[in-house]
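Following are the structures in question.
Both of the next two complexes hold subunit A, though its partner changes from subunit B to subunit C.
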Partner chain A sequence: MISKENDTMTQWIDVCAADALEPDDVIRFDHEGQTFAVYRTSDDAYCATDGLCTHEQVHLADGYLEGRIIECPKHNGRFDIMTGAAKGAPACIDLATYPVKVADERVLIGLG
Partner chain B sequence: MSIRRIVIIGAGATGTAATRALRASGFDGALALIDGEGETPYERPALSKSVLTDAADPPVLLDAATIAREAIDLVSGIPAAAIDRAARCVTLANGPAISYDRLLIATGATPRRLTLPGAERVYYLRNLADARAIRTRLVPGAAIAIVGGGLIGLELAASARRLGCAVTVIEAAPRILGRAVPARLAAAIEARHRASGVAFHTSATIASIDGAGLRLDNDAWIGADAVIAGIGVVPETALAGAAGLALDNGIAVDAAFATSDSAIFAAGDCCALPHRLFGTARLRFESWRVAGDTGACVAATLLGVARPFDAVPWFWSDQYDETLQIAGMPQFGARIVERATGTAAPMLFHLAADGRLVAAAAFGPAGAIGRDIRIAERLIAACAHPAPEDLADPSRPLKVLLRGTVAA
Partner chain C sequence: MTPATTTMTRDRPHRRDYGLTGADARRAEATGLANAKWFSANVPRAALKSMMQRRNGPALRDTAIWLAALAASGGLAAWFWGSAWSIPFFGVYGVLYGSASDSRWHECGHGTAFRTRRLNDIVYNIASFMILREPTVWRWSHARHHTDTIIVGRDPEILAPRPPDLLGITLNLFALKAGPKAIAHILLHATGCLTADEKSFIPATEQPKVIRTARIWLGLFGAVIALALATRSFLPLMLVGLPTFYGAWLQLIFGVTQHSGLAEDVLDHRLNSRTIHMNPVFRFIYWNMNYHVEHHMFPLVPYHALPQLHAAIGAECPPPYPGLLAAYREIVPALIRQRRDPTWHIKRRLPQRAVEA
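Moving on, here comes the complex of A and B:
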């Protein structure tokens, strides 16, 4: 696997202050017409996926995060936030994932 | 006895979930799925919404590639005609019989029918053919009468309004949604429909129907180009009953789906089962997720390890851009605690007499209510006794209440 970290095409976009996202929490982040969900797990890993459920285009950041699984607030579709994999009906299409890093107390998402 | 041949009757949410779960758990014997309907197995929730409003095809439950990969013998378009318990085989309507070591009945439910003069003109919504027939009548400007202010009737009302129809809902009870939804939320839902131009007649009984409309018992006349009824469903028990299986408001099963025949199991809308959270009487759930959950759960039992169904029942109903969600069983509550959500109606928590949380219900945009309903579902599963003041105070995150609970 090619590390996104070293991909010179990746642009690191500022999301929020690191402490604005609590452990076991998710926030919505909009950038240039796209919406993302950015997560901090209970063991302090950060990650990001597409922001809308692949089933009916609802913001996943309004959903419930339990461990590595985000549940869509509308129909309970579930996804693994680390891999984007759809984990339960009615969601059957995976989410895209994006690299996230923390630098200088800021959360950054890698796009492009 | 080794289990080498499993037959499933019904290719809805339950039957297809069971086939997937059987293969996922390593069952490599013969697996036949009998689908009398003859469509590619599909999701029903879309039938009252996008199939009507966007002429969309419903999402597919089991596509041809999966059927081939998982080696599922799909019998499509030929209903099961009889179960021969002595010979352990299912006879198809066109003659052949399929033998089983274990049989799963997942025949679902059928709409309850009106019986009154003109009833033959009434449309019902259960399957894809029904939805296609109804779609031809929902043309802009058409007057549509919907009999029954339940979930299906109201979803139909919202879709018909979206398509530009004039909609009247006729409900026999004093209020809509009497069976499954707390009055406080039903009022908010009715107000939402009225704001979109839906007319309601409650405590209204229909005397007769003709090609121009329907007449109520009080002699009032409601003009209608088409009449659609959503007055509940009855479990589809004909095959089971004819085979002599015990019935109890559905095919009678225990918590792990066993019928009165040790080789036959039943799951989904066709059966009634006890649930560890809600007493000992058998219940019917009639929801999409429970249908799928039970289908996945029964796979273990079919393979010889009885696994009781213990997931918290949950359903949604999308109407306009809002959604009703209920986790648990409100009818087991003794008191209601309200929590403001910033939407038109509060979230309602139903507590049993001993303070145990048995249900949570809300209506509003999914993003405003979905997360807290999810958390409530976990509290219900854990038999939590949350403090009413914590539930009532929107400044106290529900998630905190989950700490210290252990999933039972």
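Moving on, here comes the complex of A and C:
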């Protein structure tokens, strides 16, 4: 189900139920030809980045999340999920990040 | 064309272009083999997450044992220097230095051995020096090896390109081919240059690191040579530098089993990699890289969790080899046959259940 809600300039897109994402985990979310990685940290913060590693286009949702760092499943390139900053070779190019909020027990990603 | 010429052409083994900028590299890109989607066994996310958990404990323990064994064997070899008693100690020291360092280099390069990133980097750099693998060059070449495993023209780490160079592989039991090549590359890099192949997989931003490390290493080797000259003794070189050569044999024996003789240009690690059962001593030296199909399919799983992963995906994989001997009974005839027919390869049989799925 995709529900849309306008919040001034941001278009909020429904991702999943808040409890569908466990603490310290990540899921893949595809929307209009784009793929995203949506994270829930161990201290219950939610955030989102581009879904594909900037090194060789592998889905980060299959990777390993520890604290604020997501590690690419193929080559172990590392990114800070809060800032998108590349933190370790072979990842050299930062990821884009997107706002995330939880409303009515749903996780929403802010696009547009 | 005379019949003699025809015979020569037919008999000459066809050699594909294993370079990273040649015809087969272009072919791999054109046919979708480069950076492609690979088969992955079905492992529940929760189980995979649990196996991917990083821990410092196992690698701290194993590294302490490794370093202590290096210090003890090296110390005793030096103590008995000049007598035949030093030979077995150099034998042990050489294997720990020139072979066990290979798997430390590998696991710490992936960043999975330790939970603490800095510990991975420290051991990675020490092990890289021990096996003469320049850390930045090999970090990037190994990333490509994982993207395009045994894809001709893409994978820079194909150990037995066809037709296999059997003499070269044998010489590498003592790093006699790979070692001089590595030294030539270090010298080249120290002058500030990289090869065209290296430029194809190392980003420009990382290339200065290659040059800096090559210069530091030359300085270190210069210091060891100076010490040997000052003391008029080979002992310093027997402890630093030469073990890369005289201790390389076990690394080569392990390394050949990973992919040699198997299929090229397939997008399924079960068809181009081997998993072999090994005894605990070999598994300590090799840091469980005998679970090679598992490692390639899920490179985020640390070495200490690979036996668990092996159990989890076993039903979808060909049966593992019962030991090194069984693997070599297949590999040696295969490599000899590939000398005559480079198109031939060993075909691994997938379990029926996995094929039907």
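Here is the rule we use: the second predicted complex is superposed on the first by the 105 of 112 C-alpha atoms of A that agree within 3 Å, B and C clash if a C-alpha of one lies under 4 Å from a C-alpha of the other, contacts with A are read in each partner's own complex, and residues count from 1 in each chain.
Definition applied: contacts are C-beta pairs under 8 Å (C-beta built on N, C-alpha and C of every residue); 3 or more make two chains touch, one makes a residue touch a chain.
If you're wondering where the values come from, they're calculated on a predicted model, not measured in any experiment.
With the two structures aligned on subunit A, subunit B clashes with subunit C.
When the two structures are aligned on the shared chain, A:His75 is found in touch with subunit B and with subunit C. Judged by the touch definition given at the top, the superposed model places A:Gln57 against subunit C, while subunit B stays out of reach. Legend: residue contacts after superposition of the two complexes on their common chain; A:Ala89 is shown touching both subunit B and subunit C.
Taking chain A as the common frame, subunit B overlaps subunit C at a single listed stretch, which among 21-29, 39-47 or 93-101 is 39-47. Residues 63-64, 71, 73-76, 89-90, 92 of subunit A contact both subunit B in one complex and subunit C in the other. The residues of subunit C lying in touch with subunit A in their complex are 35, 49, 52, 54, 110-112, 115, 117, 139-140, 143, 146-147, 203, 205-206, 298-300. Residues of subunit A touching subunit B in their complex: 58-59, 62-64, 71-76, 89-90, 92. Here subunit B touches subunit A in the complex through residues 17, 43, 45, 59, 289, 292, 314, 316, 318, 323, 366-371, 373-375, going by the rule given at the top. Of all the residues in subunit A, the ones that touch subunit C in their complex are 25, 55-57, 63-64, 66, 71, 73-76, 78, 88-90, 92.
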